[in-house]
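In the two assemblies presented below, chain A is common to both, partnered first by chain B and then by chain C.
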Partner chain A sequence: MRDIYRLDKYRALFALTMRNERTYLLDFLGLNVVILVRIWIIAQVFRAAFRSASVETIDGLSLSNVIWMVGITQAVGALIGNVELRVSEEVQDGSIAYLLARPISYVGYHYARFLGNAAALLPISILSSSLVVWLLVGPIQISMHGALAALLVMAGGATLHFVICLLIGLLAFWFEDISAFGWIYQKLWILFGGMVLPLDIFPQQIRWVAELSPFPHLFHAAARLCVSFSTPRFMQILAVQAIWLILTGSALFLLQRRAASRLVLNGG
Partner chain B sequence: MNSESILVRNLRKTFKLKLRDPGVIGAMRSLIKPLHREVPAVDGVSFTVKQGEIVAFVGPNGAGKSTTIKILTGILHPSSGEVSVLGLNPQSARGTLAYKIGTVFGQKAQLWLHLPPQDSFDLFARIYAVEQVQYRARLAYLVDALKVGELLNIPVRKLSLGERMRCEIVASLLHSPRVIFLDEPTIGLDVIAKQQIREVIRRLNREEDVTIFLTSHDAGDIEALAHRTIVINHGTLVLDESTENFKKRYVQTKTVELVLDQPAKDFCFPEGEVLERGDFHLKIEFKNSAQTLERLFRYALEHFTVRDINIYEPSMEEIIATIYRERRNRAGHL
Partner chain C sequence: MGASVKTLLTYLQLTVFILRQGLIAAMQYRVSFVMQIGGMIVNDIFWLLLWILYFQRFPEVNGWRFEDSALLLAISCTTFGIFMFMAWGLLDLARKIAQGELDYYLSMPRNTLWHVSLGRLALAGLGDLLFGIMVFLCFCRVTWQNGMVFVVVSLLAAWIVYSFVVLTQSICFFTGNFERAASHLFWTLVTFGLYPYSAFEGLLKIITVTLLPAYFIYAVPVRLVKVFSLRGLVEIGVFALALFALAVFTFNRGLRRYESGNSLALRR
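Then we have the complex of A and B:
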């Protein structure tokens, strides 16, 4: 194994990022409150929708299921790190070059930081969101299988999100401002990623197309498994995640190679 | 000093600049048919640096100094030419070379802003795979040399610029590099911080036979540290000789600016030439010698109340103009 891939480097980066995130704890708690309010509003909207339609379930999902799914997806999706902004900044101010001069993988460096950020913030976010959802609609039964499968799918989804963000960030080598790409990705992910509406509620045709896209497989899939676990669904999610990871990972590999050859720095 | 640490032969690096006409039409045209211009940043530079040598690589802004350093550290790929650092090609063996070289870029922070320097040091030790025992000993040595013991547990954002730079240098030297590239290491620092950093660089060079490749706009850095000075301008090498000779030939004068409480017209110092005289301030140029400077200060302090003093040395642009002038004169004589 090449020296730059030694795991202890990335473990140290992961640990340091976790410690670093603690210095922003107040900012994070403020953002967390916003998410809790958002969950409360979404819950009221769904409560009204279920009441006006006079139904107990929509496509097999009860009100409690829907709120739990949206709550978990929000808790993760709204707070997970946005790597693309940091990467595009590094490309624009030239600091990417200084990172490349170190005996460490650039992708590994950002992945360790991304995971450190998630490990520091997400447990608090998931716990507080779960508490709010529990107060709103009561507890939900989660099987051990469901929880483990959700954790695995969550890790896959987070990695997929990381790779897509990194791809968008590296576009800064070709475009002066990548915020438009980030914006489009975010909106698609909010729309089809279960941040507001679970995919189960969409019309069948849209749902079918969306199921093939990476968006519902980022964080919504994990929330769905948490709420109602089924082995075929779990396998299907893993397969789609794997396909998207191979596709986006290959794109990242190619883009990184092209980007390295375009590396032009400020200053002479 | 024996073997070569750095070898640069006929190095060229050109950057491709995208040209764009102003306005919407210009933007559209550049989208459909982009125009590029090649800008040479380094143009046929050759030099070698021996092990244990301290070389100052100087030149005005945009001369190609940082580009050369970035090529030597493997960050940039040269357009053509041969480059070798410690016998390795910096581009193809970047990973291996990274363990053997240290870099300090005065304008790029590598420490984590919200955490104490100790945390960043621990991380760098891991990244550079320094054994824990070796790391502790090395850190103790550098902490003592750079006097940063009291700063280790203070968040970096709360440190002064000088304190931060000293910590940046510790971070760059933890893995005991054989060659250190310093790009403007004393930029923006006060006199005391500069002295401390220079002393450490000298000490490392003396005690560990480390090769130092330094760029700086500060003539003090060059005078205090460099055995040899290489001057680069517009990407080409214009001078390569010992710092002693460089100083003798091109840093011949000093200019002192004084602001006085008494009228400046009474100021009379025969060893210098008055370049500018206002009501209460004057600029005097004289031959660069510590004794003359001392005599000037003694005279000024004995006869006047001095409100402010500034000392200037010839700028890099002036030095380069002198080098070109000298060359033209020499060619004219031939």
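Then we have the complex of A and C:
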């Protein structure tokens, strides 16, 4: 039992996934182009909107701030791995039984792979998106504090995203098809997670509700800190992320136990 | 001429039969059936909400208002709903070509392209289709005339999407590996249908009339439903026919280069 806590096997999984992702670099670059086109489209939509409204800033955000925020959020959010589909496949084809029998934590196995995937792809995605945004709207000043805080918040947001995806994937024990849950989660995070509209331009009441939800704290929070860093906001984001991680982590623990009790092994 | 009409009618009857059987089979899993259609409708509602929030802040973007975005959403959902429900199997075409899995379809007496297209129907497409119609009825000024134009242009746009997918997936016959690239091109085309067309300018606008037929799938149909013109309808009709001819020509030329995978597989 104690064997599952040995870190070296998770490190090996992490390294293996990274190497695997780099092997298919051309595929990834193709996907990256789609994201860059999307950032280009969003930049044109906001440029036209600012021009039509004849304004320089909206709620203190300039066009450049908005595009940088959306660009960074897209670079991370659109590329981060979706674990739920893999988990639901494992549940449906029964391969989860083989994984559970191994001396490795099921959650740890997926988390190591998730991090390996992110570590291989995100640096390229963030760099290329930043270059495109820079070409579209020019540079932006990012403080050292802001960049470091954004990295920390990004790690927290990615972990929160991972836990929510795993929760959705495990629903496959009760539902034949979990894709609808995945779509709805994805759209909630597109709407409230700053993938198209920064939260700052939402009406006050909706913004207040959205701020309490986990969605803006997935990837948008990091982009926001990059563009305008403030210590109270940083602390607030960390606190909300911690609360959501505790809540979703507890739900995952309970759901995993309930799911394991539903697992039927037929041998073979 | 008589024989051609008879063949066309036979294919139409067979298409309706296959779709009906697919629907009946899917309805056996009631929860999954309802979740796929309902899930897609909820998923689409979030896009509508996003544009409601956006246009509250920016009431007009280069003359484009919320009603235009609602109409765009209605047309794109209806178009892609029709495509998803009737020809989702096409998105696997490049993979089937690369792995030599077309043998099964080639051994059948019916047209190969028609058969591959109907190989897989996506129920979620029905959700898209229903949502598109609902948005049109609820958010657009509906008259008998523009209702009919809406139906005709949605069908023509779905035909263009169909031809575009056949063309891009068939490139795999010549390059050997184009699966991911074809998939990325498709999803980029979908992306263009989510944003106000009036915002596009420069190179991005050129792309929508050359590399990706977004202009004919989104901009022309929206314009025609708002203000009908026979010239516009002819424009989109001629483009749809030309693209279809090019797609079928490419597919048939490619089929001559196809190499069997010699794999034995059981089809359920």
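Methods note: the second predicted complex is superposed on the first by the 263 of 268 C-alpha atoms of A that agree within 3 Å, B and C clash if a C-alpha of one lies under 4 Å from a C-alpha of the other, contacts with A are read in each partner's own complex, and residues count from 1 in each chain.
The criterion applied here is as follows: a residue touches a chain if its C-beta (ideal position, glycine included) is under 8 Å from a C-beta of that chain, and two chains touch if they have at least 3 such contacts.
Since we're looking at a predicted model, the values are computed, not measured.
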Note to self: On the A-aligned overlay, A:48 touches which partner chain: chain B = first, chain C = second, or both, or neither?
What the structure shows: second
Checklist line | Most chain A residues touched (candidates chain B, chain C) | finding: C
Margin query: Per the contact definition in the header, classify A:7: touching chain B only (first), chain C only (second), both, or neither.
Written below: neither
Notebook entry, point to check: If you stack the two complexes on chain A, which partner ends up touching A:101: first (chain B), second (chain C), both, or neither?
Noted result: first
Item checked: Contacts of A:25 with chain B and chain C, given as first, second, both or neither -> neither
Check: Both chain B and chain C touch chain A; at which residues?
Finding: none
Checklist line | Residues of chain A touching chain B in the complex | finding: 2-4, 6, 8-9, 11-13, 16, 19-20, 23-24, 95, 97-98, 100-104, 261, 263-265, 267-268
Checklist line | Of all residues in chain B, those that touch chain A in their complex | finding: 15-16, 41, 61-67, 70, 73-77, 94-95, 98-99, 103, 105, 108, 110, 112, 114-115, 119-120, 122-123, 126-129, 155
Note to self: Help me check something: in the complex, which residues belonging to chain A touch chain C?
What the structure shows: 27, 30-31, 33-34, 37-38, 40-42, 44-45, 47-49, 51-53, 58, 175-177, 179-181, 183-184, 186-188, 190-191, 196-197, 201-203, 206
Note to self: Applying the document's contact rule, which stretches of chain C touch chain A when the two form their complex?
What the structure shows: 29, 31-32, 35-36, 38-40, 42-43, 46-47, 49-50, 53-54, 56-58, 60-62, 124, 180-181, 184, 187-188, 191-192, 195-196, 198-201, 204
